[in-house]
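Look for subunit A in each of the two complexes below; its partner is subunit B in the first and subunit C in the second.
Up next is the complex of A and B:
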């Protein structure tokens, strides 16, 4: 039996397979979550994973597009499950492509959570837009940001913040200082959201930016509390979904007994 | 269905744009309401009212005017309807609950005004709501800054009387509200040409108390677990109560309550056993704003109570009926209305006590504190509400939303996660 977690986010679709085999893979979400779901199905088949002998939990904003899922569960519950395995008592900060959330986990279950409002500032999208503006990709933006000293970018809105970046570019400011300003600005917004919930001693960062040490450091500095990137943090939601798929079976078995 | 086009045309409405509204409402209502299973039969009356929302009641109001009567449009549950009915007038709610009216409102109001005000002003100046055309006078109140300024804009187009709300609840504030009611009586007497006597006011107090009691009966049925009526249906009854004739409103609500009480005895439920019970607190949900209830209930939970103007605040507390003099009655009215715990008061601890009490009465699993965008008062108070509920061990989710549907999926995720947090 395989337990498959599928997390279709706004930017990337992450898949975790547990059970007979352990596999992780990621696809770009693209234009249609339905096409993405189909592509995932094909990938699974190519990897020799039969859906007939699998339990599937889908999550993320494209969760309803996965028509072969046994259950849909929100990304908040899935992220929490993915983190609670290692940290049963912690605060999770998840910076996604279109939203940022903070989740408090007590004894392995969600006790409270917050999500950013519709605005995309303080999300991966913000960094993506600014990286485009600076003519680099996200990883590269963080690389040069290490060397810079942050310029102020204060706007709460991605579109307005982009004009601030353009002003800095127009004024001939060093690229690394602008990049450092972008990271600093996102970190401040993320920390602002995270600070609204009572923090646990253990604070964990997940999402597509969690492999960048500077990001966790910057958020930690703003929070005044160390932030630990979760290993394989991009897959936290998918991994959590796969764990919950496993629990679906345990629940079913209990009922049958 | 009766053709009301002539009536709308006589009212000076923008028929072409109004047709757009008439085209979308039945679809929205069908998707949200008629898709529900096992609805109480008593809801047929409310479905009918919605199907002719801009026809059947407006026609009655026009008939009343033809007979020399006056119609007063109100926007807030602090305005004492008793005074209007005692003078032979009719009071009707005017709050706009649809995004349809917002663009017209934004022509004269800042975008950063709450959607309820924008929709209400837009419905007037866009000439797309018969109730706004019919009312001889609007009665405003100073419950927030947005409304205070909106009255000035509306007053360019229609007579407006504004009641000055106290901001605190000290004895002198209740005395001040009494003064405002006295003043309101004079204004209404002038408009209608009828005197408000102690006898007439006593009748009107009874009339409105009966309406409150009937609404309270339906709400009491929602305390049953499982609930015999969906939150959406109960909300619809409350929303229509703002527009309907008070005696008929009481009659229909009592009929619905009879049926619900029978359903409780027979164990008839509208949600599967174990469905989570949610209380929604916060800003008003004017018709046709069913957004939050729809999302919660299609996520599998039941909304069992609204701590809102379109909810318990509308009917809780009765006016003392034992007073026989105008002075005594006016004092009783002031006391009853000042019991309302609106975020316009400082401090407003009573509202938190209300929410916690209602959570117990309605056996609630969790609270969603929901505020319309740009409602600074409720938004700010949300912090206090959330903290107090957490301290009381009641799970709470704070949300901000607008009339637009663009945040529906984000709301669905938050609400879904909240329900998952409450456990299955």
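Up next is the complex of A and C:
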């Protein structure tokens, strides 16, 4: 039996397989979650994973597009399940492509959470837009930001912040300093959201930017509290979904007994 | 069961269609020369127009259809309910507004009271000065506003509101309130006897009924039938809704919640907030009794607002609530500030999970609401 978690986010679709085999893979979400779900299905087949002998939980904004899922669960619950495995008491900060959430986990279950309201500043999208403007990809932006000293970018709106960046570009400011300013600005917004919920001693960062040490450090500095990037943090939602798929079976077995 | 008794789903859909059907009733009313009073808010003491022989109808304010027209005059960054109220009036798309002989407003929030100034350009509107505290002085001011409304109604409808007529109106409205309470109290059953969507559709449709005696009888019958039918089969977490009026957002909010929970209690304007308290029918001074009853409504425009807290505490207990969802309409300042105090009371004092969502009449945030509210119910 395999337990598959599929997390279709706004930018990337993450898949975690547990059970007979352990596999992780990621695909770009593209412009149709239905096509993405189909591509995932093909990938699973190519990897020799039979859906007939699997339980599938889908999550993320594209969760309803996964027509072969046994259950849909929101990404908040899945992220929490993915993190609680290692940290049963913690605060999770998940910076996604289109939203950011902070989740408080007590004894392995969600006790409270917050999501940002209809605004892309403080999400991965913000960094993507700015990286584009600086002619590099996201990983490269963080790389050069290490060497810069942050320029102020204070707009609360991604579009206005982009014009701030353009002003800095126009004034011939060093690219490293602009990049550092971008990271600083997102970190401040993320920390602002996280700070609205009572923080646990253990604060964990997940999402597609969690492999960048500078990001966790910058958020930690703003929060005044260390932030630990979760290993494989990009897969936290998919991994949690796979764990929840496993529990689906346990529950079913208990009922049958 | 006799064949003349309607099936419950038909009763629910009849109530949900009530608003549309009443357009025709309103037209009939006008043809017969009966006066109609348009209301925006539950602070209007409905007994007074009733005693003047007029029917009271809620004016349209719950869809985003006319918001673009409203935004030609009003700022965009304003509560959707205020914009929609004005938009429907301005574009003449609300038949109730069209048929109303008089519109009555109250100085509840700043946005509304300024909007009424615009509205008065094309419709006679009587604005009552609602105080924002519940002190004795406030009560006296509000009572004097009731007398001023009485005079305005008498003058417009060429009639006299006698003590006798007013007391009869009070008794009738109380009867309707009792039947409403009887109806929504059935949701205290665990599991409830109907979905929150069915329950809200009835609460939402009831104010569009003009035949109040029949309405009260039907609601009482409906409650009895629900008790007889008993609980729905599956147990799910029990949700209480509080906050702003939800007429314009209930579909997306309730359906997101009811994927894995039941909305069993409504503390909002359309629910218990403006219904749960009766008017003292036997009071010596019926005007004071009326003024007191209406001033007691626990709206966030009051400061402080202890009655909302008391009602919430009681409902959370009576309805065995697992989670509280507060709905704040965009830019509603008083509810949005007060939500922090509600969160404190609900989570710290009562240990019940709480979430507040901010939304408007558009469908743009449907997916986000499904995630947010879905995660909230999964957590319970």
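General remarks:
Definition applied: the second predicted complex is superposed on the first by the 257 of 257 C-alpha atoms of A that agree within 3 Å, B and C clash if a C-alpha of one lies under 4 Å from a C-alpha of the other, contacts with A are read in each partner's own complex, and residues count from 1 in each chain.
We adopt the following convention: contacts are C-beta pairs under 8 Å (C-beta built on N, C-alpha and C of every residue); 3 or more make two chains touch, one makes a residue touch a chain.
All values reported here derive from a predicted model rather than from experimental measurement.
After superposition onto subunit A, the modelled positions of subunit B and subunit C overlap sterically.
Within the superposed three-chain model, A:99 lies in touch with subunit B and with subunit C [touch as defined at top].
Touched by subunit B in one complex and by subunit C in the other are residues 61, 73-77, 99, 109-113, 115, 117-118 of subunit A. Subunit B meets subunit A in the complex at residues 390, 400, 406-407, 409-410, 413-414, 416-417, 420-421.
Contact residues on subunit C toward subunit A in their complex (touch as defined above): 347, 353, 358, 365, 367-368, 370-372, 374-376, 378-379. Listing the residues of subunit A that touch subunit C in their complex gives 61, 73-77, 99, 109-113, 115, 117-118.
Those residues of subunit A that touch subunit B in the shared complex are 61, 73-77, 99, 109-113, 115, 117-118.
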